Structures are given as C-alpha cells and as structure tokens.
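This report concerns only the one structure given below.
To keep things simple, chains are lettered A, B, C, D, E and F as they appear, and every chain counts its residues starting from 1.
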Amino acid sequence: MVSIDYLLNLIREDAPFGDVTSETIIPDIGCNARISAEQPAVIAGLSEASALFRYFEVGVDELIPDGSLVRRGDTLMTLHGPAKKILLVERTALNIIGRMSGIATTTREFAELVHRVNSSCRVAATRKTCPGFRELDKKAVSLGGGDTHRSNLSDGILIKDNHLAIVSLDEAIALAQSRSRCYKIEVEVETREDAVRAAQSGSDIIMFDNMTPRQVQDSLDALTQKGLRDNVIVEISGGIDVSTIVEYAALDVDVISIGALTHSVKNIPVHLEIMPLKK
Amino acid sequence: MVSIDYLLNLIREDAPFGDVTSETIIPDIGCNARISAEQPAVIAGLSEASALFRYFEVGVDELIPDGSLVRRGDTLMTLHGPAKKILLVERTALNIIGRMSGIATTTREFAELVHRVNSSCRVAATRKTCPGFRELDKKAVSLGGGDTHRSNLSDGILIKDNHLAIVSLDEAIALAQSRSRCYKIEVEVETREDAVRAAQSGSDIIMFDNMTPRQVQDSLDALTQKGLRDNVIVEISGGIDVSTIVEYAALDVDVISIGALTHSVKNIPVHLEIMPLKK
Amino acid sequence: MVSIDYLLNLIREDAPFGDVTSETIIPDIGCNARISAEQPAVIAGLSEASALFRYFEVGVDELIPDGSLVRRGDTLMTLHGPAKKILLVERTALNIIGRMSGIATTTREFAELVHRVNSSCRVAATRKTCPGFRELDKKAVSLGGGDTHRSNLSDGILIKDNHLAIVSLDEAIALAQSRSRCYKIEVEVETREDAVRAAQSGSDIIMFDNMTPRQVQDSLDALTQKGLRDNVIVEISGGIDVSTIVEYAALDVDVISIGALTHSVKNIPVHLEIMPLKK
Amino acid sequence: MVSIDYLLNLIREDAPFGDVTSETIIPDIGCNARISAEQPAVIAGLSEASALFRYFEVGVDELIPDGSLVRRGDTLMTLHGPAKKILLVERTALNIIGRMSGIATTTREFAELVHRVNSSCRVAATRKTCPGFRELDKKAVSLGGGDTHRSNLSDGILIKDNHLAIVSLDEAIALAQSRSRCYKIEVEVETREDAVRAAQSGSDIIMFDNMTPRQVQDSLDALTQKGLRDNVIVEISGGIDVSTIVEYAALDVDVISIGALTHSVKNIPVHLEIMPLKK
Amino acid sequence: MVSIDYLLNLIREDAPFGDVTSETIIPDIGCNARISAEQPAVIAGLSEASALFRYFEVGVDELIPDGSLVRRGDTLMTLHGPAKKILLVERTALNIIGRMSGIATTTREFAELVHRVNSSCRVAATRKTCPGFRELDKKAVSLGGGDTHRSNLSDGILIKDNHLAIVSLDEAIALAQSRSRCYKIEVEVETREDAVRAAQSGSDIIMFDNMTPRQVQDSLDALTQKGLRDNVIVEISGGIDVSTIVEYAALDVDVISIGALTHSVKNIPVHLEIMPLKK
Amino acid sequence: MVSIDYLLNLIREDAPFGDVTSETIIPDIGCNARISAEQPAVIAGLSEASALFRYFEVGVDELIPDGSLVRRGDTLMTLHGPAKKILLVERTALNIIGRMSGIATTTREFAELVHRVNSSCRVAATRKTCPGFRELDKKAVSLGGGDTHRSNLSDGILIKDNHLAIVSLDEAIALAQSRSRCYKIEVEVETREDAVRAAQSGSDIIMFDNMTPRQVQDSLDALTQKGLRDNVIVEISGGIDVSTIVEYAALDVDVISIGALTHSVKNIPVHLEIMPLKK
C-alpha cells in the first residue's frame, strides 16, 4: 500500500515547477479521457493511477480491476475532470501502469510455463527492482501470480555467499536463530554437501544458486536420503529464463526466483486519449 | 546531480528496519570487495554507487569513469571498509549500476546505428522513465551519447495531440510565446500540412509522430519548398526500434526519440564479491 | 503549481508546536472572516491562500481571481469555518498574498512603462528570488504580466561571465548544443564584439549585461549589419529601474529582465477581519 | 540554527534536475572565487552560505563574521574548490546573503534612529516574514541589533483584536494563564481603557496598535497613574516608518515593532567572481 | 496540533511495505469495530486516532471527548469502514491512545494530590519526553490538567547549571534580556543565595532544583524578606514522586515539574474489537 | 540502523527555531562533558547519541559499548567540543539513552527470570512501542537479550482474533501460504482445539493468548499427543508480568512476549555534566 505522498513525489519529479505547457495553453475547462492498452497484457497499476487522478479531483471510472487480462485496445479506465489536471498526471500514470503491467504480464507467462509441469511450484521475484519503485514492482509480481519473496533486507534472513565468505555456515545459522524466532532463515548453497549441511543446521529455505538441473536433482536426492527434504523449502535461482525454466520446474522444487521479472522489464504500451466535451 | 538524500532513500527502501541478516551474523570487521561486469557494456551509475559507499565510510577506488566501455569480467570499482556497510549498500548499488548501464549501453547501440548514415542526427530519450528514477535514467542516456530531451513538464513547451484536441495549433503557439521567450516551443504533428503550419507559426521543434519514412520525407520536402526547413529542428518519434531506425536516420532529420531507451530496459548484470582480509 | 505539502510546511513554520494562543483561549465555534487590501494592487496568492484555508476545512468564497486589479478596501475573499483554523492560517495566508501581490503590482507597473514605448518588449524576472519561495515569486511575475524567464538551473542554458572565465564562448556554445537540442542557449555579453560572436555561434538569446543604452544601440546595429538580428532574442539586464527602463525599452529589444521584481519586494498590506456569528 | 537539510532544499529549488549549463560546459577543474558587497551594509547570511559551499566540498575563508559593517567593494569571503560546485551554489548563496543583509542593514538603521532618543527601547520584528524563510529573516533582525519577538505561534501568547472579537479580554487572559506559567502574555489594545484593563488583568506585555503618539502618551499616563507602568512592557506597533519612528521612540516605550523590517526588504547587492587558477 | 503527515509517518513505521497479513487474507468488506479501555483512565489521543482512521476512509463515532474520565470497559469510539483499513491503523491508534492516556491519567493523579493542599499550584511536565512524540506527550499532560512548560529549546529561556558552568548568573540574565523582551527568563538555582540573586537580576521564574522541603522553605523566606517573592514564579523540580509531592505542594510554590509524567509512562491498556457486519 | 536524518528530526523537535538560551548566553568556546548513569542499568542508545554529537562536530569517547551493564555513577561517554553544540544535543541524547536503557534493563531482568527455569525460552517484545520510536525500542530489546519479534506489519504474517472474526482459520492459513513461502505464519489461539487446528493447517508459530498456565499445559499436551509439538514454535502472550512469568517459563514454551517491555517503560536516569576548559 504505497502512500499518496509517495505517488505525489512522482508527479513532482515530472513537474518540479509545474506543467509549463498546459498551464500556459489550456483553458480551465473539463474534459473526458480514456486510458487503453496497445497490446494484450495482465494489467497492474490502475489503483495507483486512480489515486493520483482522484487526488487532483479528476473523476475515475475503473472499468477493470488490477490483475485483469486485457486484449489490444481494451479501455482500462475513463476519466472526467479538469483538462489541466488530467494532462498533469498523464505521463506519470502511464509510466506506472506501463511498467507494472509489463512485470505482471511476464510473471504470468513464467508462472504458466511452470504450472504446466509442476502445479505447486511458485515463480518468485528478487530484490533486483528499479531503485525507488520496489513496492510497486513487488505488487506487480503478486498481481501476475508470483511470490513476492523478501521485500527488503529487514523482513527475512538470507545468508548468501558474501556472508559465508566471512562466517561459517553453522555459525551463521546459530546467530540467525538467536536473533528472533519470527524470521524464516534461508541459505544460499552451491553444492549438494552444503545443501545437506544447511538443512541439518535448521535453515527453513535452501536456495540452490546457479546449479544445473542435474546438480539440483542430485542435491534433492541427497536431502531425501537423509530424510531432510520435507523440513525445507527448496528454491532455485540464477540465470533462469524462458528457455530453461521448464526443465527446472519439472524437478521437485518449491520456488523458482527470477531477477529478470523486475530488472529487465518491457513496459506494456498504454495511452491516454483526451475527448473534449461537446459544446 | 542527484542528492545524497535521494540516494539514502533508496537504501531505506531496501532496509527500512535495517539489514537483519548482516546485523545479526556479521562481526564488526573490515573487508575488501570488488564490483565487476558480467557482460560487455557502457557503464553508468558508478558515481552514485560511490557516493553511497562513501556515505557509509567505505573506501572506494573507482577504476574507470562513468561512460566507459568495459568487457565481460572487468572490475568497475574496488571497496574496502566495514563488511556490514558494504553488505548494506550492495544490492542498491548494483541495482543502480545495472539499470543505468543497461540504458547507456542501449543508447550507444542506437546512436552507432544512426551515425553510420547520419552523423548529425541525435538519438534522444523521452519521459517514459521508471517513476522515481527519472534523473538517473536521463543521466544514463547522456552517458551513452544520447540527447536527454525534456527532463520534465517544467522545462520546455511541447504541444501534443491531447493539447490540440482542446486548443488550435495557432492559438497554442501564440499562448506559448506569451509565457516566456526562454523556452523552445515544440509541436507534435501527424501530417505534412500540420508540419508546415507549425513551422509557419513559429515553433522551434517539429516532432513527426508515428509517420512512415515516406510521410516524413514528404513533410521535409514541403518544409524545404516553403523555405522553412532551416528554421526548425525536426524530430522523429513513435515506435522506432533497431529494425527501423536506420531507414529514418537516413532522412534529413535532427533528432530521433525512442521511449524504449528507458521504458524497456534490460539491466547489465553486475555483481559484488567480498574478499575477506587475510588474518 | 505548488503542492499542498509545500503550503503546509509554511504553516508548520508558523506553528511548529501549534497555535498556543488560539488553542488556549478560543472556543470551538465557527465564524466568518474577510480578507481585504489596504491599498490598490494587482492581487496574487489567492489560490494558495484558498488551498490552505480549505485544507483546514474553512469555507472560502473567492470574490476575485488572481491577477485582478483592486482598489483600497476591496474584499479579496470571505471565509466561514472554525475560528481556531482561520486564526491558525491567517498570518501565513496574508504573508503569501502580501508578497505575491507586491511582486505582481510592481511587475505590472514596469510592464506598463515599457509598453508605452515598445509593445512587443517583455519585462522578465530573474532567479534573484526569496530562497524557498521561487515558484510563487515567479507565478506572481506571470500574474503581473511579466515573463518568468528560467525557473532554475535545470530548465535552460545560460552562459554567463563566470562560465566564460573558464571556457571560451565558442567552446561553451558547442558543448551546450551537444547536450540537447531541446534547450534554448542564452549567452551573456558585455561588448558589441561578443554580441556578434554569440549570434554567429548559434546562441538563441543574447543578454546585454550592464550596458548603457548607447552601447546597446551600437550592438543592435552591429547585429543588424551582419544580418543576425532576426536570428536572436535580445535581452537587456543589469541595474534597470523605474528611472531608466523607458530609455532601454525604446530600443529594439525583446526582453528587459529586472532582479528587483523579486529581490526587493514591498508587500501589499492585506488584513483579515474576524466577524463572529450572531447568536 | 537552520539545518543543512533546510539549506540543501534551497539548492534543490534552484537545481531540481541539476545545473544544466555548468554540467555541460564546465570541465572538472578547481578555481578560486570571491564574494563581495556592492554597497555599504550590515552583512548577514555568511554562515549559511559557508555551510552550503562546504557541504559541496568548496573551501571557504570567511573574512568577516556575520553582523559586520562593510563598505562598497569589500570582500566577504573567498572560495576555492571545484568550479562546478561553486557555480551550483552561487545564486542560492547570494540570494541568502542579499536578503539577510538587507534586513540587517535596515534593522540597524531603525535601531540607530531610536537609540538617539531612547537608549533602552528595542526595535523588533514581526511574523510578517517571507514564507519559508522565517528563521533566517529573524536571525538577520538579530544580527542588525533588533529584538526577534515571537518566532511563531508556538512560542508565546499574543491576544489580538481577532481573538477579542470572540472572547473578552478578562476571559482571554485567565485562560492564557491556565495554560502555562512559562509564556509571557501579550495583549494588543487600541484604547487607553483597554491598556489599563490589560495591565490589571495580569498581561506581561501591552501592544499599542495603530495609535498616535498622543494616544500612546495618554495611555502611558493612565498606566502610570494606576501604578501599573512598571509591571508591563509597552510595545508600539502599526505603520511605523523612518519618518515617524523618532517621535514614538521619544516616549517612554520599551519596544517598537516594525513589519517592514521583513515584509518589505530591499536586498543588498552582492556578487561572486570566479578567478580561474593560473596554469 | 500535529499534522496528518506526522500521523501517517507513524503508520508508515508500522507498515513500511504494507500490512502483509490483512492484504493477503482479508477480503474487501466493511465491518464495525469499537475501541474500549481496559481500566479506569483519563483518556487522550482520541482526536489523533480519529484523524488517522478518517484519513483511511473509516467512519468514526467519537463517543467521548479527549480528557474524559472513563471506567473499565467503557467504549471510547466506534468505527465502521473497510476491514483492511481498520486493521492497518489499529496498532498505531492504540499505541497513541494508550500512551497519551497513561500520561493524562498520571498527571491528573499528581494534580489531585497537589490541589488538596495548594489550589493554585500547577503540576508541570519537562522536556523528558519520548523522542519523536514530544507534542503529543505535552498535549496529554495538558488534557490531564497539567502545565505543559517549555515545548522545546526555542520557546523560552531557561538557564541551567550547565550554562552557569560557563557564564555567570548576572551575565546570563543580562544577555537573555538583550535577545528579546518576549521570552520569560527562568533560572535554575540550588541555593537560597542564588535564588535571591536570580530574583534580583530580573528573572521571571526561579526553579529550585533538587532541594529538600526545608531548603525550599528557607529560600522562599529569603525571597519574602527581600520583597522579591511577588516578582517571581517559583518552580520546584527534581526527583519528586507520589510519596513526596504533597510535602512540597504544601509550601508556597507555584509550579512543581515532574519528569516522570512523560519519561516513565505506564500505558493504559485499550483494545479494538472487530464486529463483522451481519449477512 | 536508524539514519542520521531520523536522529536530526529529533533535534528539530527539541529546537525547531534553535536553542534560544544557548545561542544567546553561551560564547563560542569549547568544553568537555561527560554523561553518566544515576543507577545500575543495561545501557543502550550510546551509538545513537554518539552519532548526533559527532554530526555537530563534538568529539566523543565511547567508554563502553551498548549493551553494557553499569553501576550507579559510571561514566558512559565523554565529550569535547563547542559548548553550544553539546547543549543543543544534550536533552535529545539523554532522552534516547534513558528510554533505551530502561527497556534494555527491564528486558534483561525478565530474561534472567526466565532462564533460571527454561534456558531455551526467549523473552520477546511486541509492536506496543512508542509511536515514532519503534526501531530503537526494538533495538533496546535486542541489547537487553530479548527477541525483537515482528518489526512491523510488513515483515511477517500474524493471524489474530480480529482477522479470525472475518475469515476462518483454515482459509486464512491457506491464503497466507499463497502469498509467499518466505514469511513464517503465526496464529493466535485461545483454546486447545484451535492450537491443534493451527498446527495441523501448517502454521509455523502458535501464540497462546491470555491463557492460564494450566490451559497452556493442556494445549501443549494436545500438540504432543498429535505429534505436532516439534513442528511449531509456541509463544505465550497476554498480561505476563514479573509475578507470573516464571510459572509460564517453566512450561515447555519457546517464546514469551511482553508488551510492557516497550509500552510501559521507566527511563534510566542519566545526566550530562559540562566541565569548562581550564584557562
């Protein structure tokens, strides 16, 4: 739930000294407008766009909820209010909808690939988001059917290779447990041996980082043999894309996390069309 | 020049209640680290990353300046300081460098395509940036050799189709001139007739929006015939990509603006490796 | 368009721990009030004052729009709402109206002097505004009929003597053109020779700084002889006041910029009178 | 003591997207510079300007302290550091020094007029300051030898005519005393009778608002006759200027408050000159 | 009067990335709720809680005003609106009401003890408040019938032992008087001699710090003998608690200030109960 | 890790218009000072106090680390720097240390009681903190040896009675699992039957709310009989104090959470003593 203050700062970014053009050439009149999609997509960002338009006293009719699948040309919302205000908010609103819809659409595509071969496996995001836009990037993943994973460094313990360059795995897990019993503890491993040790030490999630499908299978086998498989959630991460995800998903894994969901976004093109009131 | 406050807000986004993991498991020791690129790129974001590390009292050796072309595996900067601080800043710094380098690299690719056929034509960005990251998106375009175009609604007059749905072209230009003589006036047109009228009315830049190369050529011819071509800058915009840009660039145009430079970014993968001090 | 947050910060400045007096001695009752001018003026700041009163749930009747010319004693707006809220906002609202009206009134006076002798010449402001109040100072200039000139260092290129102490004029203009084709390029000159060189190098505006009317005339003649006059906007700046402006305006110049419009403001006295409701 | 954050916001106002000119045309070199006054003045704002330059890693030599009297042409401070940073801060720093010095200089002029006829009477400011610049306006008054009076609505009780339109004088004072014994209670009066009642009710300061010198004298006589004069501080306010202040000051009053000190400021012209390093 | 922005920051503290639980498991339905006290108390914080609920579009019926005395189980307010919003605000609202009511209740207890033996003596707070919550701590004291004393370092002059380690008492008072005649001047003393000197030098309030009842009586006698008692307000401070306050209050003192009112608060337990709408 | 901005806001709360007293009466000299404890305590808040003093260029010698146990009179840190700056920061620093040390000391007392009878059971805090001071309240709990529990609504799923008034337990847990596999899921129960159901549904933590020791024992027995005890963490909560905690701790429970750790804090008295430099 991003705050209206957060959203207004995005307007301020696009108009630190106002909208020079509209203030100068547009009269104080009302108009109608509509926002539509230029290609099929899972749409996200509508509630943020609405909040902005409403803040500036533009009436909004939300024709579909966030998370909807739309076709090319579908209208997402209609607007009616002061022309200057609609023009002020236009670009910011479209940028929000465009990026979030891009993320939601890609997340859904990956999730559908995975679910064909493994109905219980989740597609998850990482913290590789656009700086300053984290919460909305994560929300878009959720609207696309993905798992949001950690929001940030404050809401979970994840012990990675750079930590293990400094402390040992056992020590790290023991310290993590002493902090609080309220966080899950996740450990990144690169070998089958470390996977077993992490599970034995009491970690809740084991992330297999940059391992081949065969290495993943070997590690899963080792966990199963030791009776550890049911105690842990298994996450796969590292360079997974459309061409490789199905092979990983076919294994007995719980989560596949994909940085590209948020670090390499292709915006869905959306546009706003002003329709002047008849006189 | 983004402020340190702006950059610290990005850290706060990634650690609103601190870095639970490192605070809990990492001792108060110093270490070395290096950041390197995982593929060839035009690198940007190093000065922002440096500012963040330095704010947290991490020493930084910048091995290359922003805008440099690097190969796969090249080291971008080395760090030395408290391990907890390096780990706190890591992800935010990498997200900044990754996105900005992605933009700079793509900008350079487009610019090189254009310059092969038209050495005076500029590749320009639009306002289709990631909300909250505008200034750094624009800076990355500049580091890649692009033209930043308008930063926002406050620093130039650009009369678009949505404005012209409300006021006439002539009225719009007259009002714009009355506001201030300090702004350039740009007008978006879709036909050859409007191009001529815009130039006659005194606009400084004419943006040909979503026109085919043939339509652009016709409009340029009309401007030339009326003796108006030298009075205006001609910009092409709308759905231009790698496959079409050369055909447009070969025409006598001044600027080609491309939303995808910033709305559909593919991050350059960069990573940070901790190297503990020998004991 | 300043934001409500900006305006609320001004209230916070006047009441960081509340309005001790009214909170203590004023009961929770409603009242009427009116704001009036104590001398003839071009009024500005009404929309900002209204926004503040409305934020605190005070009803506002705006009797005149910003930019209106009023006589001594004219009522500017009437208010009706909680007495404590009206008293909380009173001083901040009056300070805004007083300063902005002072600027608008002076701008109009200068503009009228100029237009008697040169109907196409604009009176413009500078960046010599009260720190923290820039946007409203500029808006007041606009309401008084002036040209707002650059809002800030981000929205135009202006090459001044301090820049030219470091780089040459030709180099400066070449670099400026390489940044973006979207900004006008203005150059400050002090001699007729530099005026010609600036025009030849491609600058859009030439500012004649601290030159006598005779020097200005000589420079204009030089530009005309070289056929450069029509390519550039000519701006006069530096120590111009009521006694000298007409002489400058009578020359063929386009813009006269005057720091005193915003750096030496005489507030228009306005006051607010509470009228308790009859019982 | 304004914070560095406050000062940086003033830079942000002047460069929301950076200093386009200097970033584009100025190389990464160091230079010297000096700031000097263009007319005699009591100088203020140097410590704020220094803090800003230092924040941007520009070395500062403060040649005189705030509050100093200078002659035309005197150097106020010298600077040495990155040219781009000096140019970024220049206008904001000069605007601060110019306004604060204008206020300090005028305050001193009024104070000297008063002290010739009444050595114990103070010249005081009001809350009629430039919105957003209150603390520095008040500091400038203090540097000019004036009394800062209430900073804002939170730091003293002042019962004015608009309050007395709602509650009676006696009730107001009784309520004020019940709030806290830590605030002085000031009452604005317009008649001799109210002056006596205010003193009898226990107010600490009586402000005679818009009264003629004769009315003031009559009121003072009445207070003296009732043995109340020594219990209260007497303040004169309302439309006092250079032509009338001496007549008021010659009476037995303690404070003369003057809105014009801060609501109608004439900036002291100061400028900054870049001196490139010899090569 | 704390601002809504201030209150929203408290929500942000409790939900920097939203309310994960309610967003995930609670449908978009409305409900009713009520807030009640779990023990007898003087209630404070209701207006702040209401403002927060209303901001999130929850309807509020305030059944009692702030400052009311309630019994165990009494309902303080009822709510009706979106369940997710009520759950988002719940903890923050209860924390505010709980703490403020704790302070108001304790203040009232002390005030009642004092008033049994000295009806004109006030119980006052200090600046020993919870950092970041000062204004509401002070407001709670006021609602409990206490004197808020200085809000902060900006709204009164209080010369303490640490100041007097650097400047002499006479010098300190003389300097304080030169700053402004609008502040009361308070001096902290530890001996009868200093009490007399402070009163003679013109201080308005004398704070007897950490003195026994007998030492206080001696000092009051000395002030009376010199005819100074009526010129000053006498405040007692330092380690006063329930067991000692009556003995001090029985002396002829004006104010007793107690840090524990705000530095050692015991929250009043209050809870919120959701009542789903009947279907 | 609270930011320096956060800490500076606390100074701003105590000095919105500066420190009137010290600015007026204290010369620009340096001094030494020391901060000491007035009673035995576990000390916390030193690193925050140091950061503030250092920001204002006061030198700090930290004699002990946060978390240390001190005796009455022990010096916590010594300071050396400008007297005005030390006095500006004094009260804010002492308020931080006083509150945090109060929390750390009480946490340790509870933890010691618990560990005498159950060495693996943790004492945990709740979200009943002082609004605006959450992160430091939690840090103080950690320094006292406690478990910080959820920081806020964003970092864990906790299904409470108010949620279960709207959705069923099974549905709630199913939805929570669908959100992300990265959060632990905690459920509050009030009966033995619900405890069993929660464990069977897959919750990670079961909080027994306001149950008697006998009810807790019964519920634990039921979990054990069903073979569910080892799958869940058991937390006890609700009205636990010094007189009852040992009885609960003696049962086989994992966490005992206590709101009073942070909602009913008794500050540790600490003071700062200025020691002027010898001349």
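One rule holds for everything that comes next: a residue touches a chain if its C-beta (ideal position, glycine included) is under 8 Å from a C-beta of that chain, and two chains touch if they have at least 3 such contacts.
In this text, all values refer to a predicted model and were calculated from it rather than measured experimentally.
**Q** Have a look at B-E versus D-E and report the one with more C-beta pairs in contact.
**A** Ranking D-E and B-E by C-beta contacts puts D-E first.
**Q** Can you check whether subunit A and subunit B touch via the same residue numbers (shared by over half) or via different ones?
**A** Since more than half of the residue numbers are used by both chains, the interface counts as same.
**Q** In whole angstrom, what separates the CA-based centres of subunit A and subunit D?
**A** Measuring from centre to centre gives 52 Å for this pair.
**Q** Starting from the mean Cα coordinates of subunit B and subunit C, work out the distance between those two points in Å.
**A** Using C-alpha averages as centres, the distance is 32 Å.
**Q** How big is the gap, in whole Å, between where the Cα atoms of subunit B centre and where those of subunit F centre?
**A** Spacing between the chain centres: roughly 45 Å.
**Q** For subunit A, write out the residues touching at least two other chains, lowest number first.
**A** Residue numbers touching two or more other chains: 5, 15-19, 88, 135, 151-152, 154-156, 179, 183.
**Q** What kind of graph do the touching chains make: line, ring, star, complete, other?
**A** The chain contacts form a complete graph, every chain touching every other.
**Q** Hey, which residues of subunit E end up touching subunit A in the complex?
**A** Subunit E reaches subunit A through residues 5, 8, 12, 15-19, 23, 88.
**Q** Please name which positions on subunit B make contact with subunit A in the complex.
**A** That would be residues 9-10, 13-22, 24-27, 29, 31, 33, 83, 87-88, 90-92, 94-96, 98-99, 102, 127-135, 152-159, 162-163, 165-167, 171-172, 175-176, 178-179, 183, 263-267, 272-276 of subunit B.
**Q** Taking the touch rule as given, give the residues of subunit B at its contact with subunit C in the complex, in rising order.
**A** Subunit B residues touching subunit C: 122, 124, 142, 147-151, 154-156, 179-184, 186, 204-205, 233, 235, 254-255.
**Q** Can you list the residues on subunit D that touch subunit F in the complex?
**A** Going by the criterion above, the answer is residues 1, 3, 5, 134-135, 138, 151-152, 154-155.
**Q** So in the complex, which bits of subunit B are touching subunit E?
**A** Against subunit E, the touching part of subunit B is residues 16-17.
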